[in-house]
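Each of the two complexes below includes chain A, the first together with chain B, the second together with chain C.
Now for the complex of A and B:
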């Protein structure tokens, strides 16, 4: 295979996986912004996007648009359930980090139920548009387009809509936002629903590449967290840069060193970056009042 | 009649002696059901084999009971879903031994579970038949009660290697496994055996089965000059991605290996049917169509008899027929020995020589409990599944 083709493969797969990681990173961020909780259900929402997409469209034979809308709706509901079941009960003791246990437990439940009810083997995901082939196949560019559109929509919402500004207000200082009369609890539920939908988009757009597989949840939880740490907690643009960098570096490492050594290479770089810039590449360290 | 102390003592001793020899067992012991424990991973990861085995088991139990049972004794099945979890398998084994008091146990069906349950059954001297491939599970010194009725991993490896080196005549091979314990161990053993047989192992790797694009590994194998790829992974997703990546490189190198290469699920994951060509997977003579498209007479007879009673669409025929064989074997053991005594069943199994089962001809001796003959393991065309059976791979 010529160098050009190898480069095309690194870029196509790397960008696609990077976009999926970035969307999961944004899922983490959106949930974090209103609750200060790192919910480890983010990857499972991505997994559900793929599984539900295959369920509605392939198994139940629904039209693409209906299947897509239902997938996002279901993922939004799972996001809201996360807020009710795993986040709200432990918000009072946020400093004890109980949310790690509660969100991980819920993530495990989602994964096991999917394994039992869906399948323990990867299942086919429908070919959505049938456009492109080789390095320009839709399975590579769909996640990139989905990521760009999601980011654009989020930016628009935060800048142009009242709800978006309210989200920002709660993310900045939820006590002050509540004092000003903003419905903090409802906004938190809405942000979890939004995060669920974004996770669903990640899984649906990446379904052709990752297939409808219950184990994708743990995989995405893990690799989706890296862009958050690299890009800075709560920083969506940072998550995109971190995600894309991770995807391309990972695929390049697959070519250069291969197999399990590629994962080792990825995490060596990850640790080195965090040692050099603990707050992430685009994060800002906040001053602490004393 | 007066009973003296001496008469009473002699009479009591005689009665106790007879009881000890089992001659005075209560009548209900001869009419109680033949109790068989079935440790089946019917749900959870790796449940596909047990689901297939279970169809054969249920069919055989129903057939024998409908025909009047084993010398009038019905077969009673105690099934426990272990979900592939060794802890659940251990608990179920204890229950079967202590509470259900079964006469023999079939399963578990995963090696990880069997590693945990086999010593328990050995302590209880429980006759145990299982299909698990890990070599160390069979040891007549440690586990004289355990009998394997499927090939061991070494037998699989021999069959795969022989096909790649002798029939495909590959001199340079790539050996890959997934990152599970099984994939790692099987690939390592395969590499050593290939080298011993004079082949050049040009590439070996543990591949993460969730990796969405297998092009990097395939490219390295191609650049290394591999003439055949030996694959040890249970992951159907990994298999399909490898085949898709091979097509993307316009490479027609043959794949030889684990039965999962021929799983029906692979067919739903490949990008086009042609990507599944030149893939040869472990199969068995009893479940192979010959060049004329015919199954062996014994297998065909069974299929005709069981038509409409067993669903073969989404399973492998060898799983089903070995489930049938197990029940028939245990029934035969009870019928021949006239008892459900564990020692009797073990002795019967130890004396079997080419027992004509549906899956294969089993031979066990007191010192060899690997009962499946290596020469009945063949390679099948992975993409040729019909009723759970495959076409023989070219070269036989």
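Now for the complex of A and C:
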């Protein structure tokens, strides 16, 4: 019995956290696909999803749906701000990696404003539906459902809609897409808005598990990037596999060796995988240098 | 700038360098003077602030080599400060092992810091910049978590007492004096590294990594020593920080500190030591004047970071660089002087031929090289021509190791060239230039050329760090050789000008001078005449012929048929990855297929 309960708890928490990590990984990927930039604001968007959700629903007392819609809207706007402030100005000199610094600066600004204006302590997040208990509590399955729906919607968009195909074209070959007359700049802004909304979904769906806490941003920046590194840059399915694997591995390690060494284990695996398979498990190596 | 001050004074021109070395040392002397006067005029509170600045600088000085020189964005360096603080405090307190003497505690901290400096840096050796940034960030998160959770050792959230210094360093100003000494030492050793072949290799990795490899600079061999050094310095700074704080908790090591260290370097400017030093002092003092804004300090740092990145990516060092704003003369002609070549070639090993046998390289289904045989005899200029896409540059890239051949072999003399290892070519006497010149824009012309001599330096990292005699000798020899190579290509008058200010044609000649540093057995020139004026092409031809006469085998890839036929003793024509024709220029000119496929009738 004890073993079964432990297993259930490892799986439920692991899957839930894994789904959140995967969604943040997809946020990184969506931004990367149109700009070749990895942005430190990805994790902060996840944090904002939780904080804004709690703000609109609990502190301002709005109806659930309105609060949800507003959260996504705000996150999409933050995504677009990222594009305007931290990405576009440094796109011309991509090889100098200034985007690492500009997006880090913006991420810190978002985090500090949240810390000062919201709270530096974790705050409660509203209970959304009140369905399930124990290992099947909604706080565990909501992130999984959100992740599956997001992925489904993304795939549908890329296959069936013109905008989705345009995204793919820009991601595949930026110059060729521009030569074909695709509005590359607008597509990039749109992809940042979309990435913002996805980050928001991650934070909102994971709100009951992670609470509305300003420090979640930095945490998600790292743990959300691990699936990207594992699954290969720009590979959303790889990010989901990587995210779920990370979540379950982390919970199992947590149970087996304790909290301190679980994070060490995650870090070690991250470094080892990166060194062994630099392009990620599902990625392709590229780059012609001379 | 010590490298210049101890350079031998041979010619009047070098007197100027001595003077400029003194002006370069001026700001450091002024800062040291202010630091020395401080105890006479300030109170104990000043002592704490000044000590903190000195301690931060010990960390930033090491980090500066990694971020400012090598261009690796290590953003979570507070983790190594934390590590150092806890290692010294735990060992000094004796709550795990018996209490140890301070010297042992600090040595242990330095070693731990060095080890973790490399562990965190591993991704930087093989991966994109962002991965390294994230791994340092992840490490920073984890160290704090461990400090909080491992209560039996670290005291968890309650913390533990820092080590105490004995007399006479137990007073605020006494401890300040000690930290100031460490900071001065840190400045000295990092400056020794920065102004040596190691420092130039780091900058080459940052701004011209492909060229760095061709010049024998291996990324891991260049970066690991500075990761070790940077980690050790950060951990020592952590130990001093613990002493200063007297009591440490995980809260003391916020991510803000990482940002502070980072901005200090960026404000200061990349590739400078003075700039980041000033940046560190200013950023440490600033919050003391802005006490009401304390809660917003991280926010302000972040805004500052954004503004610097977007508005002045070069930092203060760039803004204050008046020397490089002096107008250069227009209409300057490049006049090579091949008469100095014997000096460059003196004492070099015997010349050897390069042979390619049955080399095959396919990209997917396309056979870019389809069984190529080629022999380049020493002392000759060997032209490699053919239509676009015929495999000329691919052949060059196979010889220089950027592409790994799939069949066949390439030898220099009797030595087979290791497949796909460009960084091993310089040691074997192979040098090359690139179609698009790859130089470090922010360094002087002379420094760029000295990069070519990286493999001939003999002083090890420790010798360099402590400026033992071997380092000075290396620097003098490399600089003298560099000037000679520059005279050979006709750019000596521009030796001390920043490369970013030169014209395209001059950059091509810088690359040749850089290659001449090796007095190479094989020199590969990839379209050296592209973008040159007819006069310059003629002089380039004379220079190439002169280089070959000294025993170098020259492989010349070029589209200017006139140049090829004027100076080559042997010409190979490639088409679709195969050798179409091979012989003397006269043979090629009368070869029917060549004329119809390439030269035009």
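Heads up, the rule we're going with is that the second predicted complex is superposed on the first by the 286 of 290 C-alpha atoms of A that agree within 3 Å, B and C clash if a C-alpha of one lies under 4 Å from a C-alpha of the other, contacts with A are read in each partner's own complex, and residues count from 1 in each chain.
What we mean here is this: contacts are C-beta pairs under 8 Å (C-beta built on N, C-alpha and C of every residue); 3 or more make two chains touch, one makes a residue touch a chain.
Keep in mind the model is a prediction, meaning the values are calculated, not measured.
After superposition onto chain A, the partners chain B and chain C occupy overlapping space and clash.
The partner that reaches more residues of chain A, of the two candidates chain B and chain C, is C. Legend: residue contacts after superposition of the two complexes on their common chain; A:11 is shown touching neither chain B nor chain C. By the document's definition of touching, of the two partners only chain B reaches A:211; chain C does not. Of the two partner chains placed by superposition, A:269 touches none, neither chain B nor chain C.
When the shared chain is aligned, no partner comes close enough to touch A:91: not chain B, not chain C.
When both complexes are overlaid on chain A, the residue A:278 reaches chain C alone and has no touch with chain B. By the document's definition of touching, neither partner reaches A:77: not chain B, not chain C. Legend: residue contacts after superposition of the two complexes on their common chain; A:157 is shown touching neither chain B nor chain C. Contacts of A:62 after superposition on the shared chain: neither chain B nor chain C is touched. After the shared chain A is superposed, the part of chain C among 58-66, 112-120 or 148-156 that runs into chain B is 148-156, by C-alpha clashes. Judged by the document's definition of touching, chain A residues 116, 219, 259-260, 263 lie at the interface with chain B and also at the interface with chain C. Contact residues on chain A toward chain B in their complex (touch as defined above): 1, 6, 9, 13, 17, 115-116, 120-124, 134, 209-211, 213, 215-216, 219, 251, 254-255, 258-260, 262-263. Those residues of chain C that touch chain A in the complex are listed here as 71, 73, 75, 119, 122-123, 126-127, 129-131, 133-135, 137-139, 141-142, 145-146, 149-150, 210, 255, 259, 262, 266, 295-296, 298-299, 301-303, 305-306, 309-310, 313, 393, 397, 402, 434. On chain B, the positions that touch chain A within their shared complex are 43-48, 179, 205-208, 210-213, 215-217, 219-220, 222, 235-237, 240, 248-249, 263, 265, 268-269. Chain contact summary for the complex, chain A toward chain C: residues 38, 85-86, 89-90, 96-98, 100-102, 104-106, 108-109, 112-113, 116, 218-219, 221-222, 225, 229, 259-260, 263-264, 267, 270-271, 274-275, 278, 289-290.
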